[in-house]
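We call the chains A, B, C, D, E and F, going by the order they appear; numbering starts again at 1 in every chain.
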Amino acid sequence: MFRIDQRQENELRPVTIETDYLMHPEGSVLITVGDTKVICTASIEDRVPPFLRNSGKGWIAAEYSMLPRATAKRNIREAAKGKLTGRTMEIQRLIGRSLRSVVDLSVLGERTIWIDCDVIQADGGTRTASITGAYVAMVMALQGHVKKKKIKSLPITNYLCAVSIGIDKEERALLDLCYEEDAAALVDMNVVMTGDRELVELQGTGEESTYSRAQLNAMLDLAEKGADELFLVQAEALKEILPFKKDETKEV
Amino acid sequence: MFRIDQRQENELRPVTIETDYLMHPEGSVLITVGDTKVICTASIEDRVPPFLRNSGKGWIAAEYSMLPRATAKRNIREAAKGKLTGRTMEIQRLIGRSLRSVVDLSVLGERTIWIDCDVIQADGGTRTASITGAYVAMVMALQGHVKKKKIKSLPITNYLCAVSIGIDKEERALLDLCYEEDAAALVDMNVVMTGDRELVELQGTGEESTYSRAQLNAMLDLAEKGADELFLVQAEALKEILPFKKDETKEV
Amino acid sequence: MFRIDQRQENELRPVTIETDYLMHPEGSVLITVGDTKVICTASIEDRVPPFLRNSGKGWIAAEYSMLPRATAKRNIREAAKGKLTGRTMEIQRLIGRSLRSVVDLSVLGERTIWIDCDVIQADGGTRTASITGAYVAMVMALQGHVKKKKIKSLPITNYLCAVSIGIDKEERALLDLCYEEDAAALVDMNVVMTGDRELVELQGTGEESTYSRAQLNAMLDLAEKGADELFLVQAEALKEILPFKKDETKEV
Amino acid sequence: MFRIDQRQENELRPVTIETDYLMHPEGSVLITVGDTKVICTASIEDRVPPFLRNSGKGWIAAEYSMLPRATAKRNIREAAKGKLTGRTMEIQRLIGRSLRSVVDLSVLGERTIWIDCDVIQADGGTRTASITGAYVAMVMALQGHVKKKKIKSLPITNYLCAVSIGIDKEERALLDLCYEEDAAALVDMNVVMTGDRELVELQGTGEESTYSRAQLNAMLDLAEKGADELFLVQAEALKEILPFKKDETKEV
Amino acid sequence: MFRIDQRQENELRPVTIETDYLMHPEGSVLITVGDTKVICTASIEDRVPPFLRNSGKGWIAAEYSMLPRATAKRNIREAAKGKLTGRTMEIQRLIGRSLRSVVDLSVLGERTIWIDCDVIQADGGTRTASITGAYVAMVMALQGHVKKKKIKSLPITNYLCAVSIGIDKEERALLDLCYEEDAAALVDMNVVMTGDRELVELQGTGEESTYSRAQLNAMLDLAEKGADELFLVQAEALKEILPFKKDETKEV
Amino acid sequence: MFRIDQRQENELRPVTIETDYLMHPEGSVLITVGDTKVICTASIEDRVPPFLRNSGKGWIAAEYSMLPRATAKRNIREAAKGKLTGRTMEIQRLIGRSLRSVVDLSVLGERTIWIDCDVIQADGGTRTASITGAYVAMVMALQGHVKKKKIKSLPITNYLCAVSIGIDKEERALLDLCYEEDAAALVDMNVVMTGDRELVELQGTGEESTYSRAQLNAMLDLAEKGADELFLVQAEALKEILPFKKDETKEV
């Protein structure tokens, strides 16, 4: 039995990353995952939050938003409500934390990279698309800084992408859920991975449901397959294979 | 002497309006005016604000925002600040008021049209581009409602567009200022006009400067020329000439 | 046919400006325009906003508010709501911008003039009365600073006042609309002018209506007549004719 | 030894109450106590807060504010800060509670009386002046409702006024402190009293100081003297002696 | 006739003060007054608010909160509402002011003592229990600072406690009202006293009622009796009699 | 090598759950995990949020807060800041979602269970202690409703607890991290589990670090051991073994 959009269970939706999408930011992409579209920009600012001043280290902060009509039903703007929802805060924290795991903040120096992910069209997987796209925008912004000799070397230690997986009502593990699948799923999981298949973030939720460790493993297998494909799309967008090597100290 | 981008004083920047830009909204366009790019969407909701309940009349409400890196320097999100700036409020009110002037709110019935203008790249003239683009998104949303027989007839009474004009340091009147011109202008004016060259809104400001009525007239002449060209772009985007006739009761 | 309060179409309501209205501010007036009453104060502070520090230039910031029962129906305080309305923000920005156009901010030096306009009774034209009254309060505050030798010379470059004009349902242009006329007008315009009839601000709005350039000109003719009369009231309140001469470089 | 403004220890500052000060509110006064000036208005609304719906009883709610330059140093508006200070909230609650003690809320019926006290000039004692003035505005608003037959009888059960007393550095008890005395006082007390000298509110504070019961009694003696004089000013403003009789059930 | 909980009119509920209740704060207690339970902590910070910088003096700031289910009906958290209620602000200001009256802020030096009173169970008298408990937490925090030689001597000048008194429907004066008594009382009074029976704060309110000076005196007599008992509980908790002597300059 | 508090790697800190801790809530406990202490209450309200009205289903909403001095350094109250932090929102959402996974919301009917978790002392693991304690408070509240015949049967489908695990700098997997361990950990994971070892939530984060699937499995093994022990503490607190049977349809 196929999925509602005729995909195989282990099949990603078509993914494209259009680079240099906007004229002003140091790095910017439009990432498209099926019908989900996110503008990701990276801005480099020459100062850090108070808790890092005089530390010699930099910071990465992320913000996430949706256009009111990115969704089928119009959402009220958070600016109009005067505060961020819990969902937005969770996603912003996730994006920032994920990207920080592959940046050597000492090499970055006392700079802040502001990541902005603005969803202009949503069909599920906006937070994972944001991370996958933001990674490319961030690398390009930093490559620019290296070219301008503002930073000695690229402070990136690994590839990074994110992918969603879930368990549907037929107990099938599915890769890269679209909105309709996501809304009906028993379990919803987001995985952030590095290029050597190490985990950075794992968030798996059974809303009014639960899952076994066997199901967890089935989902992680799909996540690894999806991530491998996303790294290729990122490498193509970056027009080069970044020269990371596997960290061999990481095994238990 | 030419302008900084080689245009004539009475020359608009290239303008394009891409329709059906997003999949979810009832109407949506991407309007491009030189390097300024705005996503305009129109959403039709089957209810009205409290002050119009049981009036039989509809309403048009507009919201405006910029991506943080729509500009050369990153702006702090209004959602993060927890409140709208005065500038945003002014623009939102202007867009809503302008569009209401060409809609027969009784024919619309008790519905609200939400207009969302999100600037993804800014190079001057974002509020006028928003109005010009939002008009097309709104007409298309209403055409859809007419096709679905939700509304009897198109409640639009006229074309509508907006254009900026200014006076530069050489006392020249210039049409459609880009950001660099706008920042240096002595006088900054925005005009909203209907298809028969009637004025809907006129806002002319001399920040730390002033202007004469002769200069006002020179600017309005440019505005009329620019508006005539914008109406053609709108008609082309709508793929039809809307059948309005000039209101002959309007002369003094 | 006379107006609802028996005035001619080109007739202002009675205007008085009571100076030194309050004991604490550096400058203060109570301006009365018909039944509209506004307390305008000018406070001089010896510092400027961050964007002007070390620039040698000063700033003028304006705030506007209404008592809850300045109006026929009680308004909820903005302090109770926790935020300013868009209307208040628009008016505050207008007042500040207008006054800055006749002050030489370099002569002022690194000082901020805080303008507070508090409407204690409203019957239309509160924003124009605020500007006309605030000008007098500001000049008096600065005269005091000159007397105390805190500033070398009066940094005022011209007279300044504001007046409202509109088009009523009979298509007549009317000067200085009271609330009842304003609520019924097809077109509502506010003009800020300097003593030599140069325009500083022009804001003309056709809410659910439009206007022609001929109507615009008829309104501007009325505005000039009204402004000439308001300058006399200001001069009388200031007890001297300020020695400005017409700037001859301003013609097109 | 006289006080800084030559008054006796038991002497009020000159008090005037100008009635019908504004055209829109149901009741309004300008109360002047020395250099302290407060506009007090009473607005009657035909509905009550949720907790009183269908109770047959009314409510009295009070709001208090100061113009930014009511004081020697400009205060930031609470509307600009986006929230009320603790001081404002305390005063608002005090005014409302005090007025409710002399109104029969059942006779009032399901109506809310909104009391607005706006200090336009401050020289100490603004909260007590607010209560004394608001009482007159409220009675006049209710008298109007009785005349229009909206309420059967005046739901007022007694006179009410407020007065400040303090202990200065020489341990003298002083009546009606001006700002300079208030700022230097060891003890600051506000008393709200009814026409038969019953206490409604007593708030006595020794900021970084204390006071004995003997001192408390000396202050209350002054408060009674001051209240007796204020009731005469109120009666004169109301142009009639309200026909209350002493409640004889009140003695211990 | 006995009270609803069988107490005499002049009888406190059982009071206990458990010291060192939490591991992190410099001083902390759990005070229990009948069924009212409040965690009071004192935190000493080595800096002062801006208005005291370089003054050599310290400050005491207090915050007060209730758990949502401290009460019979769940309260919405103030953090969720996004602002403090007027009641909370009043109580916070009262606690801070009261404690400041018995601390020599010059001996304290440029430090801030943060007092946090968190009501975990409420049955009336939470603000008076907060003051009585906070005093002990504050003294213990300061004793710790003296032991660590951070402060030369204990900057405490006197004992301090607070107690509630009221007048019930039978016109009886009652000491230490529980919630049910408080809700039904005609008059509600809180008294803050020092160890030599001097008054620091007196707040007596007749909500929709009034009281005579004779009733005031009856309430103050009860307050003195209650305070004497509370000082013994405090002394026992502190495990020593603090060596204050009566200030003999305080009599009128 | 032992842990900093001498525990084995797979050893929980001492856990106690004191039931009926407060007098007002329908269910309340004080849970102590080492030095971490959380008051958890469950309040049952007879209505649901708007999105569930007329659905026949209930809801569980959770709120979480810390006393300012629950921590070594005083935290500013979120009520004082006027908004919740992202961390608080994340935790609140996690607690609510977790508890909903073991409640049959249809059996609950149109009621909301409000869960309040207030940390009075923090030493790591406050969110997991909150979930473990809140489960007991919730069950007891619902047992009370069953006894009062408000609900037909206990709408609980399983045991539920939460536990933290991490990877330290020596790459050891550790169970139940105290604050000092947590702050130094490379990987921080929280697991919410049901009584039959099904996963409800899995959140594993490598802040500036990553982890392998082997490490993930080592952590999950510890989590299962810890959960088994916590279920015993819960059963003891509830004074009965809840009669759930393993759901056999859950295997892949």
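Points worth noting:
The definition used in the following text is that a residue touches a chain if its C-beta (ideal position, glycine included) is under 8 Å from a C-beta of that chain, and two chains touch if they have at least 3 such contacts.
Per UniProt, the chains are A, B, C, D, E, F = Ribonuclease PH.
Worth saying up front: this structure is predicted, and the values here are computed from it rather than measured.
Counted as hops between touching chains, the shortest connection from chain B to chain D is 2.
Contacts with chain D and chain E are shared by no chain at all.
The angle of the rotation carrying chain B onto chain C, fitted on C-alpha atoms and rounded to the nearest 5, is 180°.
Matched by residue number, over half of the contacts between the chains of D-E recur in the interface of B-C, chosen from C-D, B-C or A-B.
Put simply, the C-alpha centre of chain C and that of chain E have 52 angstrom between them. If you average the Cα atoms of chain E and of chain F, the two centres end up 35 Å apart.
Between chain A and chain F the centroid-to-centroid distance comes to 28 Å (mean Cα coordinates, whole Å).
Counting partner chains per residue, chain B has residues 82-84 touching two or more of them.
Chain contacts in this assembly form a single closed ring in which each chain touches exactly two others.
Here the chains link up into one ring; start at chain B, go to chain C, and the full order comes out as B, C, D, E, F, A.
Here chain D touches chain E in the complex through residues 83-87, 89-90, 92-93, 97, 100-101, 105, 158, 171, 189, 194, 197-216, 218, 220, 250-252, going by the rule given at the top. Chain F makes touch with chain E in their complex at residues 22-25, 28, 35, 39, 41, 43, 45, 63, 65, 67-72, 74, 77-84, 88, 114, 116, 118, 120-122.
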